[in-house]
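In what comes next, subunit A is part of two complexes: it sits with subunit B in the first one and with subunit C in the second one.
Coming up: the complex of A and B.
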C-alpha cells in the first residue's frame, strides 16, 4: 500500500496553486489528506502531481456576518467542533463536526476536502445541504458559486471543473425559530454512515429542508419538504411526518432494497424527532 | 472473591497470585518495543508480491518487463523449494500442496505469484504493478455447502471432490429420538480475519560465518517455523535460526508457516543481501488469516423439564484452499465433533463434520479455535430448548451443566474435565446481571422504541492439552515435554530461557513471578529470554492457551532444581549439613546465618576453589522438562451474561451491560488474566456484531480495507464486570489452567441470545453472526410481513 510515484508542490498563494492546477491536467489537490491519502496508497488515483494547499492561509479564514458564515475550505472538522470558528447555526454544525470519524481524522480533515471528495456518506455533504449552504469555486478564469446540492452530483462526483478549487463555504444563519435535527446510523463510532437524515424545519415560517443521505449517490435534498409532513409544515410536524412519502422518495432515487429503505426512513424519523424535541 | 493462596512467596507481592504490573510494559507502552518492522540490517531490500487477482485460474503466463528481469522471481526460479504440506494422519485426510509461489493454478485471491525486490517497498510495488498475469479463469468454489454437492468445481482436481476430511462421531443417538422436545436449526458464523495490530513481517538474512539463515519473523512458534522452513527449503535445522522479536498480537495468525517466510528465505540465500516483507492491511484482509466460517445443521433433543437428551449435528467448516502448517485444514472441523457437547451432560450424541476446500485463504486457528462457533451453535440451541420448555435460559443450563461433585468428569466425547463448579459460575453471572430486574424492566416496555434483551452463555476451554491428544491428530506438530533453562548469572541475576513466546500475554512478568515463587528473588532480577531458536529450548510455542501451564511448569521445575543446587553450595559456605538449610527469600538459611543466591553464584563462577568437593558439576544452569500429571488438558470455563438494547427499525445493537464469571484455576497474575479476558471479549464482540469477510460468487473477498472490514473499537467494547472463581487444576503446577482464549469464545453466543431475547416477541430469531443492522431489519420486516399475511 504505497502510492505510485508523483511530484509534489506546496504553493504559498492561491494564484500559484491555481496556475499549477491549470498547467497539469492530472494534478490532484491535497488538503487534509484523510481521503486522498488512502486513495493514493491503494493506487486508486495515480496523479502526476499533488498540489498541497495546506499552506494557503487565505483558505483557513472564517468570518461571520449577521446572516452568513464564510468558512475557508481548509477549516478543519476539529476547528468547528472546538468552536474555534464562529457559528451561525446555533450549534448545529458543531454537533455534526463532533461526530465525524475519529478525533485524529477531524484534526486534519477539512470541510472543503470533505465536500470536494463528494462521498455520499460524508456528513457535510448532507448537513450543509440541509442548512442551505453554498460554495465559492475559483479557477484562474474567476469564481462562481453553487448550492451544495448542485455541487455534489453523484458518488465521488462533484461539479468541480478541471483547474478549479473550492475556496469557501457560505452557511446562512439559522433562524431563531428553525429546528434542527441530524441523525445518522453507523455500525460503529467513526465509521461512515449507512443512513443520514438531516432536517431544518421552521414551523414559524412554514418551511422545511430535508436531506436523506448516505444513499449510493448524491443525497436526496428536498428544499420544500411540505409533502413529507402531509402538505404543510406546522408546529405538529413531528406527528404529521409521512414515512410513506419518504419511502417513495428513496425508491425514486433508485434504492430497490426495502430493507435499506426502511433503515433510511427510520433514521430520517429520528432526525425529525430530534428537531421536535 | 479470591482466596489468598498459600505459596512459599507468601506476602511478597511478586509471586503466584500477585497483581504485578507487567514488566514489559515499560518498553511497550513507551513505544520502545522492537518489532520486525523496526529491525534495520545493512543492505536490506524490500519485497512486494504479485498476488493473484482471481480466486481460481490456470496460469498461462507471467510477463515481466525487460527492465525488471532480475528483480522478479516466480515459481520457475525457486529451484529446490518444496511446497508447504500439512498432513493429518486422520483416516481419509486429503493432502494439499501449497506452492510458495503459485505454479500451474492459483486457488485463492491473494495467492503469491511472483516476488519483486527493490531498495524500497514503494519501488517494489511499482515493479509488482508492472508484472502482468495471463490467467484463464476457472469457476470458483466460494460456498462450502455448494462445494460439497456433486458437480461442483474442484479446488484440487485429483481429489474428485472438495472435502479435506469427513469425520463421524456417534454415541447412541437413537436413544434421543423419542424426546418430547426436538428443535432443529441452521446456524452459521461468518468468515473473519484475525487482525492483530501488527501484521506478519519477515526480515531474512544469511550469515556466512555461521552458514546460517537468520529469519526474523513475527511468529508465535519460532521452533515450528524452523522445522517447516527446513522441510520446504531442504536444509538442516541447524542452518536456520528463527528470531521472533516483540510481536504485536498473534491469535493464531502468527502460528503458521507462511509462504512468504519460505520465499524470503530462498531469496536472501540467492540474492546475497537481506530482504524484508511487511504485511500491509490489505494483504492481511485479502490474503491471509481467515478464520471462523462454520455452518451447523443441528438438532437438540430434550425432555419437557429441559433435561438434554442429545445433540445431533452436521457441521461444515470452510477450510479454504490449502492445509496450513502445522495445524492442518481439518483441526477446526474435527475439533467441532469432539467439543460440541460443551460443559453439558447428555446421554446421546452424534456429529458429522466436513472440512471443505474452497477458493479462499486457508483457515487458521483463531483464538478460541472451533470453540467460538461451537459455543454459538450450542448456546443458541439451549435457548431454544428453554423457550420450548417454558424455562428461563439460565435454568436450562443449571439443569444440564456438569456438576461439581462429578469432577473429574469424562463427558460423552471422553473429554476429561479436571475440576470446577460450572453451575456456580452460571448462578453468579445471573445474579450479577440481575436477571430479575431485567425481566421486570422488559415487562414495562421501553420508551425509545428499542427493545431490551438479556442473554447468557457458558463454555469450557480445554487448554494445554498435550501429547496424548495431539498424537491422535497426527499433524506435523505434537507437543511433548516443555522445557525451560534457568541460569544464575555470576552477579546473582536469573536468566530464564523458554521456547514459548509472548505476544501480549505478559509472559515476561508471569514467568518471572513463577521464578520468584520458587527462588524468592526479586522479579526485577529475572530476565525472560524467548522468541529465538538459538537461545531457547525447543517448544511447539504459544498456542492452545498452553504457555502458563507448560512453560510455567517448566520454569518452576528448572528453578526448583536450580534452587536445590544453590542450597547445597550454600550449605557448604555456611559450613552446615545440607539437610539443615533451606532456601528462602532468595537466600540459603541455616541456624547460624544465611548466604545469598548472589554470593552462591559468585562462588560457582568466580571462586570455584570454595565449592564443596561433591558439587553438582551441572552448576547453576539447569534445563528441566515438564508435563502435567495428566496431559489431557486443563478445563477453564466462564459464564457470560449480556444485556442489549436493539432498535428493530434501524437494526442497531447496543450492549448495555456485560458480566463474566471466570474460573481459570489458580491465577498467576489476576491483572494479566483480566487483560486477556478483556481482549478476548473485544474479539468476541467483533464476531458477534461486526467482523465479516464476505465473498462474491467469483470468490472475490469484498472487505478489502478496514472501512469495510469492521473491527470493534474502544467505544464498541462494553466495560465488562469480571468475577473470578479459582478452582485449582489437580494436575498442574500451582493448579493453574490455560485461560488465554476464553474471552473470545462466549460473547457471540451471549450477545446473540440477548438480541434474540429482545426480538423473540416480534417473532424474530438471529442465527447467524455477525448480527448486522441489515440482518436485524431484514428479519424484523420479514416477521412483520408474515404476521400481516397470517392476519
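Coming up: the complex of A and C.
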C-alpha cells in the first residue's frame, strides 16, 4: 500500500511540465492526486517520474464571458461547489460538484484530473458532455479543442496523445429556457456511480441533450434527443419520455443485463423528472 | 531523499523524505504525530483526514512533497480548537466512539461540517460524514454528537464559514512552494528491484470455481472445422492475441506464456501457464490457466470455455466464449468489474479481427504495442484474466481527479 519509488518534479510553468512529459514516456502528471494517488499506492501505476502541476497558477483560472465559462484544469470540485468560480450553468455544475466523492476529496480533486483519468463512472465525464462542454488540450506542439463526448473513448481511455494534457474546460452558458436534471445511483454515498443520467432540455428551442453514463465505457451521449421524447421536445417532455427508447440505446451500447438496464433507465427518468420539476 | 519544508500544527518543519512519502506517513513516521491514522491507504476510509491549508484532505493520497510550504493541522494540533473541543465533549456524551481508530479523521470531517453547514439536518450530516468509516458505533452517536454541536452553535448565532474559509482556487495545499524554479528535482532512493522473474509457471494447474463469469461472442467468416483446427495452432493463436507472448515452446496440452494488459495508466503483465482441453466431437474446448502479476502482487485463475457454432449454413462460425476468473491480491482490492468488461470487449474484438485476417491470409494489424509474440488461446484466458484484473482495481471514489 505504499507506492513504488518515483522521481518527482515541480515544473515552474506549463511549458516546463510539457517538456518533462515529452522527455519521459513513463511520466505521469499529478494534480490533486485523488485518482492517481490510490493507483500509485496500490502500485497499479509505477511511473518513473511524477510531474506535479498543482502549483501552476496558469491552470487555476476561472473566467466567464457572456457565452461561456473557462475553467483551468486545476479548479477543484470544492471550488465549484462553493461558488469560488463563476457559474454560467445556473447551478448545474455546483450541484454536480457537491456530490462528487467526499469533501476531503473535493478539496484536492480537480476537474481536469478527473476528466484526464477518464473513468466512465466519474461525474464530470457525463455532466460536462450533457452541458456541451469542450476541452483545450495542450502539448509542446500546440493546442487543440475537443468536445467532452469525443474525449472519453473507453474505460480509463481518453483521446489525450502522449505528451498532452488537459489545459482548460469551456462550458457554454445554459440558456434561460433550458432545464437541467442530473441523477446518479451509488451503492454507497460518495462511491462510484453505477448509473448516471444527465439531461439538458430546452423546450423553448425544442432541443435536448441526454447522457446515459457510468456504463463501464464511454457514456452514451445523445446530442439530439428528440427520439427519447416521442420525436419532439416540447413543454410536456416529462410525460413524453420514452423509457423503451432509452432501454434500446443502452442495449445497443452492449449492456445485456436487464437489471442493469433497468437501473440506468430509472436513473435517467429521475434526471428527466428533476429537469421538469 | 529531499528536504520537505512545511508547517505542521503551527510549527515549521524541515525534514528529509522520499517523494513517494504520503503526508500521513510523513507526520506519523517523521514527526511522531501518530494521531493521524491509516486505514485503507487509498482514500476511501477517511481515517487519515487532516486539515491542509485549513480544509480537510486525505493524507494517505496526498504526498508530502506536494505540500511544500503548506499548513498542516493534525488531530494533535486541534487540542485548543474551539469547535473540536465542543465536538470532543459531544462525542464523549453521545458515546460517539468505541475503539477510536476512526475518531481523529471523524473529528476533522465533523469540524468542517460544523463550520460550513449551520443548517445541516441528520441527513446532511450523514452524507457529510459518508467519507469517514466507523466499524464500531453504527454512526448513531456520531451523528447525534455532530448535530448537537451544530444546533448549539446555531442557537448561539455563530455564523458559518463559507467554503471552510478557503478563498483561492486549486487543490488545497498546492501552490505554496517558494517560487524560484531552481528547486532540485526529488529523486527517490531507487533500489534495484528483484530480477524480473525466474520461471513463474506453475507445474500443476488446478481447477477452480470462478468468482466472475462473463460471456463474449464473435463471428468469423470461416467454416467451424477450419476455425477449430486454427484453435489448435497455439503459436498462431497467440500471435492474434494482443499483448500475448509465449515463454516456452507450446505443447498441445500445455502453454506457458505471459500477457500484458493496459487499462488507462495501469499496466499488468501476468505470467503463468495454462492447460488446454479440446473436444473435436463438439467443436469445443477449455483452457484453464493460472498466472501472477509481479508488480501488483496479484494472482489470477482463469478459465475460457469456447464453443464453435456453425452459422450461415456452415460457411461461418460463431465463437462463443465463456470467460471465468478469480482474482486475488492488489488488483482485486478495488472492485470495479465493469471496467473489465469494456477492456475484455476491446480485446476480444482485436482477437477476432486478427483471427479473421490470419485465416484469410491477410497480415495482422499491430493491435497491441510491443509484443505480439507467439501465443495460444491461452492468451484468451490470460488476457481475459488480465482484463478482469484490471477491471477491478479502480477503487476510487466518485470520480475525483
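By our rule, the second predicted complex is superposed on the first by the 277 of 277 C-alpha atoms of A that agree within 3 Å, B and C clash if a C-alpha of one lies under 4 Å from a C-alpha of the other, contacts with A are read in each partner's own complex, and residues count from 1 in each chain.
Methods note: a contact is a pair of C-beta atoms (placed from the backbone, for glycine too) under 8 Å apart; a residue touches a chain by one contact, two chains touch by 3 or more.
Everything quoted here is computed from the prediction, not taken from an experiment.
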item: Larger contact residue set on subunit A - subunit B or subunit C; value: C
item: Which of subunit B and subunit C A:187 touches, first, second, both or neither; value: first
item: First (subunit B), second (subunit C), both or neither touched by A:7; value: second
item: Subunit B versus subunit C as contact partner of A:103, first or second or both or neither; value: second
item: First, second, both or neither for A:150, with subunit B first and subunit C second; value: neither
item: Which superposed partner A:79 touches (first subunit B, second subunit C, both, neither); value: second
item: Touched partner set for A:258, first subunit B, second subunit C, both or neither; value: first
item: Partner chain(s) touched by A:117 [first = subunit B, second = subunit C, both, neither]; value: second
item: Touched partner set for A:31, first subunit B, second subunit C, both or neither; value: second
item: Which superposed partner A:266 touches (first subunit B, second subunit C, both, neither); value: first
item: Common interface positions of subunit A, toward subunit B and toward subunit C; value: 1-5, 38, 42-43, 188-192
item: Subunit B to subunit A touching residues, read off their complex; value: 120-122, 125-126, 129, 280-282, 647, 649-652, 689-690, 705, 707, 710, 712-713, 715-716, 772-774, 777-778, 781
item: List of subunit A residues in touch with subunit B within their complex; value: 1-5, 38, 42-43, 185, 187-192, 194-195, 258-260, 262-263, 266-267, 269-270
item: Subunit C to subunit A touching residues, read off their complex; value: 18-20, 22, 25, 41-44, 46, 49, 52, 55-58, 60-63, 65-66, 68, 108-109, 112, 126-128, 130-132, 162-164, 166-177, 179-181, 183, 185-191, 263-268, 295-297, 330-331, 333-334, 336, 338-339, 341-343, 345-346, 391, 393-401
item: Complex contact set, residues of subunit A against subunit C; value: 1-10, 12-13, 16, 28, 30-47, 50, 52, 54-55, 57, 59-62, 72, 74-79, 82-85, 99-125, 154-157, 186, 188-193, 215-217, 254
